[in-house]
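For reference, the structure is listed below as structure tokens.
A, B, C and D are the chain letters, set down in written order, and residue numbers restart from 1 in every chain.
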Amino acid sequence: MISFECDYLEGCHEEILKALQRTNLQQEPGYGADSFSSSAREKIRKACQCPEADIWFLNGGTQTNQLVIDTVLESYEGVIAAETGHVNVHEAGAIEFSGHKVLTLPSHEGKISAGDVDTFVQSFLSDGTCSHMVFPGMVYISHPTEYGTLYTARELRELAEICHRNHMALYLDGARLGYGLQARDTDVTLPLIGELCDVFYIGGTKAGALCGEALVFPKNNAPSHFLTRIKQHGALCAKGRLIGLQFDTLFTDGLYTSLGRHGIEMAEQLKEIFRNAGYAFYLDSPTNQQFPILENCQLEKLARQVKFEIWGPFDKTHSITRFATSWATTPEALAQLENALKSL
Amino acid sequence: MISFECDYLEGCHEEILKALQRTNLQQEPGYGADSFSSSAREKIRKACQCPEADIWFLNGGTQTNQLVIDTVLESYEGVIAAETGHVNVHEAGAIEFSGHKVLTLPSHEGKISAGDVDTFVQSFLSDGTCSHMVFPGMVYISHPTEYGTLYTARELRELAEICHRNHMALYLDGARLGYGLQARDTDVTLPLIGELCDVFYIGGTKAGALCGEALVFPKNNAPSHFLTRIKQHGALCAKGRLIGLQFDTLFTDGLYTSLGRHGIEMAEQLKEIFRNAGYAFYLDSPTNQQFPILENCQLEKLARQVKFEIWGPFDKTHSITRFATSWATTPEALAQLENALKSL
Amino acid sequence: MISFECDYLEGCHEEILKALQRTNLQQEPGYGADSFSSSAREKIRKACQCPEADIWFLNGGTQTNQLVIDTVLESYEGVIAAETGHVNVHEAGAIEFSGHKVLTLPSHEGKISAGDVDTFVQSFLSDGTCSHMVFPGMVYISHPTEYGTLYTARELRELAEICHRNHMALYLDGARLGYGLQARDTDVTLPLIGELCDVFYIGGTKAGALCGEALVFPKNNAPSHFLTRIKQHGALCAKGRLIGLQFDTLFTDGLYTSLGRHGIEMAEQLKEIFRNAGYAFYLDSPTNQQFPILENCQLEKLARQVKFEIWGPFDKTHSITRFATSWATTPEALAQLENALKSL
Amino acid sequence: MISFECDYLEGCHEEILKALQRTNLQQEPGYGADSFSSSAREKIRKACQCPEADIWFLNGGTQTNQLVIDTVLESYEGVIAAETGHVNVHEAGAIEFSGHKVLTLPSHEGKISAGDVDTFVQSFLSDGTCSHMVFPGMVYISHPTEYGTLYTARELRELAEICHRNHMALYLDGARLGYGLQARDTDVTLPLIGELCDVFYIGGTKAGALCGEALVFPKNNAPSHFLTRIKQHGALCAKGRLIGLQFDTLFTDGLYTSLGRHGIEMAEQLKEIFRNAGYAFYLDSPTNQQFPILENCQLEKLARQVKFEIWGPFDKTHSITRFATSWATTPEALAQLENALKSL
């Protein structure tokens, strides 16, 4: 049965398989010193217009978040995030496990507002007991968010401004950045992210790779001895070539861009299908995660024809669902979905 | 100048000084194996009606909270607490530093409700992604709370029932328990706490001792090798006699009770003084912390005559203040406060 | 230039690439719930003759060691290992980073002896201050060791016996187990390891896979909520299929066996080449890592023709070197090495 | 029965009790902001000739060691110590629990040699795989050591020179410093320690106080936000006055000096008593811990008359024992010991 449950259901784009095949028996040194990783780093630096960027390849998102937050923060600092942020909800406490508190702010469709950050920090600084409290040392945002929404360039600038005025790092979790960059109407680009953020990652796992995330410190600003810190966290890949090669492929001939664009096109068609069938959405997501509202009595019937995620209750008789498209979604899959909806 | 800023401004009750003097050159083994600690444990077991209780003497409250939460929880478990709970706000992230998330619930004048705990746990258990989330493994309550309020016996029973039905430990932070037990109208007693809680501590620092808290596992249920765990946390006192002797003294001839009662009597007189002078309170606290509302323009003038804490804004023109009484508060101090209020 | 520097220089065996190609667009659930992982688990259970085994797929060796040691031990326990053990030397302190001391014993060509373990444990137990010390809770061995050596079945039995008599877990790091199992004259088999060890891992990264290790708890004895613990350590792969599929391939039609055997055959030929050329070895390794002794003046000249690792000084004029073969070593590479040696 | 088991068997010097009595009802702010702590800091700065020193009062030795090592080191750094060092043996793994490896060097009667440190560091720096290893970031020494021995000024200088050349901190654990400073023939003074060490602590618990250690960063070089870091470690005393007052008393009118001198005089007499009775010592300790060698058959008989510690076996028929004197040892106790020895 076709599934829209998430955006990591398939293997990887065929160009990656070809590259693996082509380079398979080439001997390369381990731990990220291979030639593919070097090449990938150079291509990402260009795509971000960050010629000095430190770039590291890691295996997954939670691992990357845990590593970044733990190594960039001082031990007495915590990370500000939306209540709904992945680091606050769905990482099994990996952030706290490495010693840091997640300082939560209200979620505005998955986003936090610069104003809320400012209020939080001012309140902390003016509290006479603040030396007994967790210091805010970083702001974590996901872009796209867990709700598929996007920051505008202006919102990013405001967040960056508040962060830097208060000596906090701005960290962008780009697990689904490939889709975010290709959304219609977005004015956020890789170079802008490289300019405004202190650290961010470009997601591979959900955007066409078998595994892997590219962690970018855009101003040559990785914590000292970063390779050792990665190793100490159990996150250093022996065969760094595996992730390096995948990002080298994704950043060759615009593949990362075209995969993101495909995911967005599929999402727009999926939206159209739901709209035409008379369904409303929980919110207006411009990226590859869509949240149609279904009647509870329809859920089971639809689930017999396509797979999707039940996100939570909307009201007594309706539920919010999540349908994700990806680089791998096919028009045929959408047609199946359309038919399934008609049958409800 | 007289201060009502907190309840740990003085040294200790004179009986403790006398006991220190009397026993000073008696040789005793270290690390809690001294005869004073043994005697104190026996007296506390009797006071709690918990003949099997494991009792450990620790130096301070944050240390105790960190140790209990870290050693009772599994690594993947977090602790449920009120948003306003000490562990969530004023311990510099000590809980997260030892690896555990604080799972916050709304504060009802410092308390959490059994209903909110139940809703939280049911929501967790019914979430299909719960294996990617922090498991609720313990409920933390303070009694009295940070707002001076108290649970009723019925509320405690309900919390205990929900905890035990869901295999969570119920932990009571009794930093100010000495005052809580003596509040007018409370139906919560030490034996009841020993019956309902899986672990709790009886505060010494704020209730007449120079330092020290008595940690009680009422059913012989301390984590295995607990002395080693305390040592590993850097919390094992070489001269355990110092805290053991203080608790032995506090639990001799009802001293702990009478010191608590004195603090409550002083608090009731302080309330009367404020009420008579026409002030309202932020909430109705039955214990030794009181939260009168003052006009902002009065704050500075009053602060020139007595010390107190500004708790936060009430409205544009008023502030919430905190005045704490203790075992050491004198009628003379209250008279000074009364005069000071008259002069405003 | 041909390299013998380590055993993770190439990609993976071509059967794995074919399997990746064949299954690429098949939709599969994440986090290890995919059908490939299920199939791989079943095949590994059979190969180990452990029908109840809990099996988890992880990305790398240090990650696996850190996870196992941290989740199997109590917080106050440490792990016994050889001074030369990977966990003690080359994991950047990952074990201590997760809170546990490595309790070192002398290395006997990379191995620890049951007698030394026994002496250590007896000494601990009879020490009156042992409650102030780190408890030995696990024995870590690597098989093959970092020196290529192997335990005998009898040595493994003795270690297991001492471990279990003293309530310690026996953990076998099988990063290079594929080669160990195929060594001439070894009497250690996968079923024996499954019988004697409490936990072990079957290495993929160095034995034909792109990445991945199969962690085996042979008696259905993984720590509770192990998926959550993996996630909390940042070690849970979203696309678990990637590692599951690789192990499914390795354990199909004896591939893991034949790859190990190839590595061993190449190692035996490499030994022969060195012996014939008149070189001695630092020790007699029956597996894929060989440690020939070269004159210091030869090192640079040889390094211009083949790559290898300088392990350390042997005496004033000689060095110990390491040459590793693997599943990917070719007869042509050995011929090149032979010629290079002749030219010295 | 008189005990020589350790140097923390009694309460405290009577001047401290008097000071507690005298100041008991004086209201003072918490968390080290009290006037006694301020005064004590000023007196310690003078005694150390370190006018800029940051000084913090902590409760115990393991706590202090854990805090210093964890906050001064980077996460990827370990601490060099003697195999016999307290941090390596008798702190229940508190150092590893906070994430850091203890890098052990051979013990020379409890001391480490500058040469050994140099060799270790050079070996680390020249190792091609050092980025996969724990970085040496600090040298820990105890002075006096766990064997009662002392560094000379020259040895300390050499250690400091090697530390600073290699960007490592030198940390001196002065749990028994009061006795070390008063040993006959020592040329190590508080100002010298302040000059050469990056951080050290002056022990109170074993030198006349009820509890407490004074942690000194002699060059205003405490880690940032150190109060918050202390709180986060659960080590911040609410009534900081308790330890502040004790150190204020100890550093008034030379009390710390005279208590140390008394302990040393008692130790010299104890040595004389053993020597006159024909006993040898395990080593020549110039401080308050003495290690006479007794026949095994004498141990039980002596233990019926005085308490002491059995340190370990010397040979088949003899044991090493430890007898500790202190500020509280009396001539009468020594006379009892002398009689007891005669009766053997």
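Following the convention adopted for this analysis, a contact is a pair of C-beta atoms (placed from the backbone, for glycine too) under 8 Å apart; a residue touches a chain by one contact, two chains touch by 3 or more.
Here the structure is a predicted model, which is why all the values come from computation and not from measurement.
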{"item": "Pair joined by more contacting C-beta pairs (B-D or C-D)", "value": "B-D"}
{"item": "Maximum centroid distance from chain B, chain identifier (CA atoms)", "value": "C"}
{"item": "Between chain D and chain C, distance of the C-alpha-averaged centres to the nearest whole Å", "value": "42"}
{"item": "Centroid spacing, where centroids are CA-atom means, of chain B and chain C in whole angstrom", "value": "51"}
{"item": "Length of the line joining the C-alpha centres of chain B and chain D, rounded to whole Å", "value": "34"}
{"item": "Sites on chain B at which at least two other chains make contact", "value": "75-76, 91-93, 97, 131-132, 228-229, 231-232"}
{"item": "Topology of the chain contact graph, where touching chains are joined (line, ring, star, complete, other)", "value": "complete"}
{"item": "Chain A residues within the chain D interface of the complex", "value": "70-71, 74-76, 131-133, 135, 224-225, 227-229, 231-232"}
{"item": "Touching residues (chain side chain B, partner chain A) in the complex", "value": "75-76, 78, 89-93, 95-102, 128-129, 131-134, 310"}
{"item": "Residue numbers on chain C that touch chain A, as the complex places them", "value": "2-3, 5-6, 8-12, 14, 17, 20-21, 23-30, 59-63, 65-67, 91-94, 97, 205-206, 210-211, 228-229, 231-239, 241-242, 328"}
